[in-house]
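Each of the next two complexes has chain A plus one more chain, namely chain B in the first and chain C in the second.
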Partner chain A sequence: MKTIFTKSELLDVLSKVQGLTNRKTSLAITENVLIQTTEGGVTITATDLETGFEGIYPATVATEGIIAINSRKLYDIVKMFPADQINIEELENRWVAITSEAVEYHLVTMTPDDFPDIPRADEIDFFEMETAALKDMIEKSVAISVAGDEKRAHMIGVNFETVSEADNDYIRMVSTDIKRLTKVDYVCDSKTKPAANENVIIPKKGLNEVNRFLAQDGTVEVGVQSNHFFVRKDNETLVINLLDGEFPPYRDLLNIQTAYDVLFPREPLLMMLKRMSIVTSEEYKAVIFNYENNALQVRAVNPNVGESKEKIAIDYDRESLEVAFNPRYFIDALNFIESENVLLNIVDGEHPCIVRGENTSSYFNIIMPMKI
Partner chain B sequence: MSKIKILPEILSNKIAAGEVVERPASVVKELVENAVDAGSSRITIEIGQGGRSMIRVSDNGLGMAHDDALLAIERYATSKIYSDPDLHAIATLGFRGEALPSIAAVSKFTLTTNDGQSNAATRIYVEGGKIRQVDETGAPPGTMISADQLFFNTPARRKFLKTVNTEMGHIADVVSSLALARKDIQFRLFHNDRMVKNWPAVNDPVDRMVDVLGREFRSGLYPVSLAGAYLSINGWISDPAITRRTSQKIYIYVNGRFIRNRGIYYAILDGYKGRLMKGRYPVGVLFLSLPPAEVDVNVHPTKHEVRFSNQRGLFQAIRTAVAQALQSPGWQPAQPTQSPRIEESVVFPEKKSSSSSQSEEPVASPPSEAPGKPKAPLKRGSSIIKTEPAGHGDMETKGPGETEKLSDTSRPETPPGEQARLWQQPEFSRLSVIGQFHNTYILCESESVLYVIDQHAAHERIVYEKLLRQRREASVQPSQSFLIPETIELNYRESAVINEMIPDLVHMGIAIEPFGGNTFIVKSLPSILSGESAGPLITEIAETVADSGYAPGLEETIEQCLILMACHGAIRANHYLSEKEIQALLKQLDQCENPYHCPHGRPTLIQWPIESLEKRFRRTL
Partner chain C sequence: MIIHVDMDAFFASVEVLDDPGLSGACVIVGGMSSRGVVSAASYEARQYGVHSAMPMYEARGKCPQGVFLEPRRRRYKELSRAVMLILSRFSPVIEQVSIDEAFVDINGCDRLHGGPEKIGRAIKEAIRRELGLTCSVGITPLKFLSKIASDMDKPDGLTLIPPEAVDDFIGPLPVAKVPGVGRQNRKQLERLGIRTLGDVKKYSTEQLVRRFGKYGQRLAELASGIDPSEVKGVRPVKSLSSEQTLPVDTRDRDRLRRYLLKHAEDVSRQLRRHDLRAKTVTLKVKHADFSQVTRQVGLCRHTRSSETLFKTACGLLDNYRPTRPVRLIGLGASDLSEKEGPVQMSLFGEPDTDALKWEALDHAVDAITERFGREAVRRAELFNDDRRRK
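Right, the complex of A and B next:
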């Protein structure tokens, strides 16, 4: 194999895959990137066995071939390379030379045949989404993360499905750590006609990679095939292995008819809860919400730190109600809501509280109370 | 012709022997127990070839008359119980009437006995269960039984015997366990005509313990003493520094009978919590005395297993007794431990124990059992086996000067030539600080001892106890409800256990409900555990409880969390401390219940008495 790369292009690709190749692993081959040169150009592949990346780029190919080279070392070399043109050439016994006029590296590489196969997106119906929208959905979903040793699919993964409600088609992501749940909908326009699919569970870890992979603007193509979730942008594809498991039925939880909506100005509520959370700690996580006549009083008590209370005026004329929550969950939700006012849908001290923007139902948060 | 037949007696004895006589040590156990039951004051055990060629036990006990002796080797013949009610109030070690015929069935067996009233002793020779010879002979009062050529007629069993040394080890273990219980009897053990052990009768049970377990224990024993309405617990447990890899060296006696019980081991370990490294066991001898009606001994032919009618209460009491003992100042001849809380710890509570905190309550026994029980059996039970109260009696006469409070003495009272002991210097804040070594260890001195304190371990302990205290003081445990209840599948036994524990679990913040069959749903967890998954947690609790009857599960997990939090919250090694910070640390250590170990069980301090330094510098020899 012999080919010439442009430094900036190669660096761009390598930086995208560092997250995949720099994981601690017992399978050393996955610390490598696979570089294959063909007549049409160069294919670069990386994987952590759960998430795979493949990009096809034009390049000046002198001879065809394939190498598996340490991703981290190649990235460091390219990053600091003094010339704009980088020659990569395979020598004997899997030695690879990285050279310019003045610089010459010889690296040992691994057997390319050992490199795991990456699933190919053959014959699937991709549908188009705005990059920003997909990024937004992912950010909101992966904000609810769980501890590293968690195994349950519905907690380490995000439920992904297409939904038809009223006259619209939605792409929907639902994420939970069983103490709270978020639902993010994306309204499909005429261009995006996703094939109706059953819900699948995409690991949050892989979705984090997607976010790193996506640019800010433009559109991307998304598709699901058997056990894989694909995100394709021009000549680059990211593929994530789906999780086995069932996502719990969540739709009943979104039903808000029985409860009572209270309108809050978003920013003041957020700031109030942030101030409250100063007093909380690992042992004393809860703050107490007291709905009274036209006011919500929130207080936090922590024997180690002290206590605080604060009032906010609201429209509320029902029986007074006391319920405890972890304020962290509200802060996470309110941070993502863009509208000026938010609605808190409350029932009582036992039932979950629903948090959403005033005039939108595309982003829903359901938060379970605490008992103290 | 009928297919089913009554087995001939010799065969049924052989079958019984399979259970009772597992190996030479079992023979020794049965014979020595008989000798103890016969009221002997001197018991001699002679072994040949690890018990293969000869086992001979002779005593100076009651002995038997001619007719009794013949009856004794019949199956189900015993002098120890006579009627059905006796079975529920067993005060002797044996009672089944199986031992002698079983042993006689698988050995060449000679019984020589003299009841001291007949003119001559009776000698009976049995071979493989058949009486070969009965004659009169001369012998001193008492009984001598020898079982030679054990398993000569059951070659399979004989083949499975281990080496001489192994079998002899088992025999020595058996004799040790019997000897520990009876300090008033002299035990001598011979192997191949050589005396291996000689434990003379002693007055002080500690002497017997030291004889049997080794000298190192003399300076590292804590007396355990707890007396409740029905139960009393006495004995000694080792300093947390003296540990073993197995529970072998924990000797439990229930009304004088040596038993093994995993639940009790768990309870003891729980009492040691925070003082032992994981996987280590203490050494100890505990005498439990409770009404015979509360114990079912008739569970297993070898009687190593017993059942308790209120085991939860019992375990709780043992845990409390052990924990209290470890907080006491250790064994000293003149210091009877008098823990003020003893009266409050009722094993079979009739009223709520005022000292038990919220978090302990769920594991307390159900009160419904207690009120109806007659108190009468208590007197009988406790009078049968004398368990020595710790540090009472003649020990009190020794040096009253030593009873003064330890904190008043600036210098640890170290018996000459012995290692100074931790618990004699409880006041860290009185130590004068030399400085910090390696930004990790605090060096301190008292008049004659150099102390090195691990700052991380010490601070970890402080933070941990603070967290624990807060938790115990809290009236309600905060819990986080789940949006999606977690479903848990248990097996039949585990779900029965969990079903019973539901109110306790709910009280601790685990909302768990039966969901049909062996399925449960968990709707909330304590907020401190809310990042965990309920399934493994509940399953582990259920498994432990089903397995041992002992339920530390949930508290344990919560404490693990607190330990983790303490570890993160504590100052690290390689961290500079100013003198003021060191002083504050020492002061807080003084307020800890257990300042000598970090929550993981590692020591917080080590010390060098000046004597040991002088020795190393060859100033003294």
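Right, the complex of A and C next:
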């Protein structure tokens, strides 16, 4: 194998795959990237056994071949390489030379045959989405994460499905840690024609990689096939192994009885809860919401720190209501909502509260109260 | 002044109290299994060299004519509470150290009850007249000295060391008598030529601190007649535990788990009684060769659910995988907190709320136990275990 890379192009690819190749897996070879040169160009592959990456790039190929080279080392070398052109050539016994006129590295590499196969996106019905919209869905969904040793699919994964409601088709992501749940919808337009699919569960770890992988601009192709979720942008593809498991029935949670809606100005509510969370701690997380007489009073009591209370005027003339919440969940939700006003739908102290922007139902945050 | 009240051979005395026929006999209370130890011995039995913590078989060897009795903890607790109630008539500041001893701070009580000696005698008299039990009291200005003093004239004694006599008393006091000086410390102290608290003064505080750390500081203070420790009215509970020496050594995992279940229920019950929740669970295992290990793990939130304690301890046991036979197993709970604030509920009624359900169940079991006794309701697993034994 012998080829010449442009430094900036190679650096760009290698930086995208560092997240995958730096992750510990059961196979040592996943610390490597696979570089294959063919007549048409160069294919670069990386995987952490859950998420795989494949990119095909034009390059000047002198001889065809394939190598598996340590991703981290190659990245460091390329990052600091003093020339714009980088020659990579396979020598004997899996030694690889990385050279320019003035620089010469000889690296030991691994057997490319040991590199795990990455599922191919053959015969998939891809559909097109705006990249920014997909990134937004992912960011909202992965904001709910769980501790490292959790194994339940519906906690470490995001529910992905297509939904038809009224006259619209949606692509929907639902994410939960069972204490709260987010639902993000993307309205399909004429270009987006996803094949109706059953719901699948995509690991949040893999979605984080997708997010890192995508720039904000343009469009991206998305597809689901058997056990894989594919995201393709031009010549690069990410493929994520889906999780096995049942997603809990969440649809009932989305039903809103508008009679319970209370309108808040977003920014003041956010700031009030941020101020409240100063006195909360790992041990005393709760903030008590008290709805009464056209006002919401919130208070936080922490025996180890102290207490605080604050009032905000709202339209509220129902019976007085007391309910406790973790303010962190509201802060997360309000940070993602862009509208000036938000609606909090609170039935009572036992039912979840739905937080959403005033004139939209594409993004719901459903927050379970704490038992007082 | 501080009074230390120490009940005389408490468990054995209670047995004599409830069965006057035992009066004058060598009464020995303790575990009856082949590997039990002596919990208490009457003064008659002590003359034969029987003392508490001695293995039962050894006690039987030394005192074959003794009356050996299984402890009746409930009864002892009942009388212990009665003793504390009596003490509370003399001062509001009482620190119960164990089931049969307590400190009473009587500073400022003399106008009400008379001088220290008078109070000491009144306490002894009240306990004797109302409960039929004797105790020994030590009365000194310092907490640690009072504890030493109560032991000097047992049984039924009273030792008073007025402030002006403290220095003379401390000087020749053997360091071995000082609470906190163990066998190891004593050896080290002896190597320095320190046998009495008076000897301690031969060294500067700095030298002692360098040698013994914080304890060196305390020794220096005690030697100069300073004891900053106070009688703590209510001692905060720092940890709760339950453990037992098994009837036979075992490496049977299922069996060990069943013991853990019992201990989990017991610790959970203690937590409920104190209205506390724990965030750390400790597993204690002692092997046949007496080597001991403890394993600890933190929980994600405070709990007192017996099920959570049990599952967590089982997890620790599984990770530890004892290979040698186990002689003793126990479960402890620490990192305690008073009633927790609001608890996060789950959207789907999943395990996180299970802990709450278990707590509610434990609570219900308490109510049943209170009315119908401990045998009325319990885990099926433990029930089977009992039947198997019978």
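Note that in this section the second predicted complex is superposed on the first by the 369 of 372 C-alpha atoms of A that agree within 3 Å, B and C clash if a C-alpha of one lies under 4 Å from a C-alpha of the other, contacts with A are read in each partner's own complex, and residues count from 1 in each chain.
Rule of thumb we're sticking to: contacts are C-beta pairs under 8 Å (C-beta built on N, C-alpha and C of every residue); 3 or more make two chains touch, one makes a residue touch a chain.
It should be emphasised that the depicted structure is a prediction, and the values quoted were computed from it without experimental measurement.
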Clash-or-fit label for the pair chain B, chain C on chain A: clash
First (chain B), second (chain C), both or neither touched by A:301: second
Contacts of A:117 with chain B and chain C, given as first, second, both or neither: neither
Which superposed partner A:178 touches (first chain B, second chain C, both, neither): both
First, second, both or neither for A:248, with chain B first and chain C second: both
Touched partner set for A:352, first chain B, second chain C, both or neither: both
Touching partner for A:286 - first (chain B), second (chain C), both, neither: both
Contacts of A:146 with chain B and chain C, given as first, second, both or neither: first
First, second, both or neither for A:370, with chain B first and chain C second: both
Doubly contacted chain A residues - partners chain C and chain B: 147, 176, 178-181, 248, 250, 253, 283-286, 303, 324, 326, 350, 352, 366, 368-372
Complex contacts: residues of chain A adjacent to chain B: 146-147, 150-152, 154, 176, 178-181, 248, 250, 253, 282-286, 303-304, 324, 326, 350, 352, 366, 368-372
Chain C-facing residues of chain A, complex: 147, 176, 178-181, 248, 250, 253, 283-286, 288, 301-303, 324, 326, 350, 352, 366, 368-372
List of chain C residues in touch with chain A within their complex: 300, 302, 337-338, 340-348, 350, 352, 356
Complex contacts: residues of chain B adjacent to chain A: 467, 470-471, 476, 478-484, 486, 509, 524, 527-528, 530-533, 565
